[in-house]
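Presented below is the structure to which this report refers.
Chain nomenclature is as follows: A, B, C and D, assigned in order of appearance, with residue numbering initiated at 1 for each chain independently.
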Amino acid sequence: MQISHNRNRLEQFSDGVFSIAITLLALDLQVPKLLSTTIAGGMSEILVLLPNVITFVISFITIAIFWVNHHHLTQEMTTVGRRVLWMNIIFLFFITLIPFGTNVASLNSTHSLAIMTYALILFAGSVSFTLLRCLTHRALGEQHVSIRRTLVGPAVYFLAVIVALIFTPIAYILLVIPPLFYFLPTSQNITT
Amino acid sequence: MQISHNRNRLEQFSDGVFSIAITLLALDLQVPKLLSTTIAGGMSEILVLLPNVITFVISFITIAIFWVNHHHLTQEMTTVGRRVLWMNIIFLFFITLIPFGTNVASLNSTHSLAIMTYALILFAGSVSFTLLRCLTHRALGEQHVSIRRTLVGPAVYFLAVIVALIFTPIAYILLVIPPLFYFLPTSQNITT
Amino acid sequence: MQISHNRNRLEQFSDGVFSIAITLLALDLQVPKLLSTTIAGGMSEILVLLPNVITFVISFITIAIFWVNHHHLTQEMTTVGRRVLWMNIIFLFFITLIPFGTNVASLNSTHSLAIMTYALILFAGSVSFTLLRCLTHRALGEQHVSIRRTLVGPAVYFLAVIVALIFTPIAYILLVIPPLFYFLPTSQNITT
Amino acid sequence: MQISHNRNRLEQFSDGVFSIAITLLALDLQVPKLLSTTIAGGMSEILVLLPNVITFVISFITIAIFWVNHHHLTQEMTTVGRRVLWMNIIFLFFITLIPFGTNVASLNSTHSLAIMTYALILFAGSVSFTLLRCLTHRALGEQHVSIRRTLVGPAVYFLAVIVALIFTPIAYILLVIPPLFYFLPTSQNITT
């Protein structure tokens, strides 16, 4: 009973962080004070926000996938040891940084360093989640932890960090791949 | 047991998003630094905030109704499949956009495009909730899902999007109709 | 089982709103960029924040008491009907306005209208909580609902609204009375 | 049953406050609008944020440790009396102030008074948690509550408050000691 309660608070605290981070994303969409009174004029003022909206959508889907995967992972947990607890906190650390990274990328949408920062946060989140999964499976006594397919996320994000230094639009495209990969029919096994 | 836990976290995460979105609404009420020292003078400075207050109240009631309906819907869920999970996330996406939409409409209370943006977000929230309801009922094996009455929300919000292009005050009035409709005695069946 | 779950989500959603509102209070403390490099000079810059700190502490304690009382009240609930659900939402509406009211009062700490706005929000919160208590007790079939003692809050807050028009420092003192009253040894019955 | 429910809402409300406070920390990282277009130039603009990042990381780890300890403590609770409830609220009061203190220290990273304010908030949080632990253990009827080791936190934070007046860099180092101490192998007993 103590163990399940343990897990319950880990989930409760994590859900708090997930739901706040995902809701704060929309706060960073800068609300425009429209100067032009015509619809066409206003439309062009709103279109300036397009990079912000794209980054917002990428971040929203990424956090949502992290949440779904976390949700599947905690269901497998029978005990929550000290290591799993702290690995989870490290993972949440990067989740809380996603709104910051999103904002940096939105404000400087063509700057290599900004996209690199954003990609680096997603990379770190992805790596820490993979480690959390390994620790959980090891605690369950699974001998052959198959992490081959789960390495797609960290690998693509790492590539995006490097590519951001050279050509930012391709880095953006790379950031969309892990979510797309998640929704592929064959990737269903990953979520388990 | 796995299934009920599933639903539990879906509710927990959704409640997090609902409660943050509804509390952030009030954050967007711009706090006035009153310049006039008299009560009459201060009152006129506060009255300028009236459109903000009206939009705030509409958004608060709308999110509250979405929460109540969501609350009724999840109680019917026996299993939470992948589709329901993601439809719920899409629905929450639009919930997190409501404070943004409210803010856009408050800042540009006479601009067609702003009211249209706001109405569009409410429309998308309403449509995604209707789809979530359909998916849930289909998962329960209900053959004749009666959605006739639940289409009132999407229809009126859609009308508001169109009307905002022509005459914004009427669009505002339309946004108040779905909440009013909800509180009508006959609409009680809808909430089930 | 359906009933208890009902109550569970009402509590979960309410706790979300309570915890966000109480944490946002501290966000409104304006962080000073200290200009003076000496400790004495910095101290005088910080002392300017004193009215903000006082209002912050009053609001924190007030929300905490509302939470404790809400917590006791929901424990008595056996069913959550439509009326109780919506009275709870109206109550939460005023809870979400407390950070706004705190901010208005902090920014305009000597302005009658600002203190009146703040007192009005606390008054409305207090009245709606009293109504929520009455509805809950009536649903339990209690015939003689003793609300005499619970009327202290609404009465004192109402007085503060009026007094704010005449002399703001006394209004401030009045706002401290309901919390003090709560901690009086004899007031323990009220919390049940 | 009433008792466990009691504890459940105390945990739920506390988890809300913890998760919001820890997520808001990242909000205070000021997002830079990079002016230089080169990577080297942008890097130097980002390095200016280094004190903010250090303070952010200290605060994140500190709140996380408070959460883990709180989590262990509430598991021991069999009843939640009025004193424990209010001591918990006082503790949460200082948790909600941590993002404010972090911000004050980030904005004025070399000012004695700012570091003192930050250290004072952590000191108060640490003291109130120690008191919460004592009250909980006393309610359990434990006669010899060993708090010797748990006094490390309050003592070091108190020292940091004093040292901040004389030499701020050493105060910063002191603030890192309680977290480090927590992760020492021998300190595992403290967390129980």
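Criterion: a residue touches a chain if its C-beta (ideal position, glycine included) is under 8 Å from a C-beta of that chain, and two chains touch if they have at least 3 such contacts.
On a predicted model such as this, the values are computed, not experimentally measured, just so you know.
Participant: Give a one-word verdict, same or different, on whether subunit C and subunit D use largely identical residue numbers at their interface, taking over half shared as same.
Facilitator: different
Participant: State the superposition rotation angle between the two copies subunit A and subunit B, fitting on C-alpha atoms only and giving a multiple of 5 degrees from 0 to 180.
Facilitator: Copies differ by a rotation of 90 degrees.
Participant: Which chain maximises the distance between its CA centroid and that of subunit B?
Facilitator: The most remote chain is D.
Participant: Round to the nearest whole Å and give the separation of the Cα centres of subunit C and subunit D.
Facilitator: 25
Participant: Where the CA atoms of subunit A average out and where those of subunit C average out, how many Å apart are those spots?
Facilitator: 36
Participant: Which subunit C residues touch at least two other chains?
Facilitator: Each of 12, 15-16, 20, 24 in subunit C touches at least two other chains.
Participant: For subunit D, which residues count as touching subunit C in their complex?
Facilitator: 2, 5-6, 9, 12-13, 15-17, 20-21, 24, 82, 85-86, 89, 92-93, 96-97, 99-100, 103-104, 107-108, 111-114, 117, 165
Participant: For the complex, give me every residue of subunit A touching subunit B.
Facilitator: 11-12, 15-16, 18-20, 22-27, 29, 31-34, 37, 39, 42-43, 46, 60, 64, 67-68, 71, 74-75, 188
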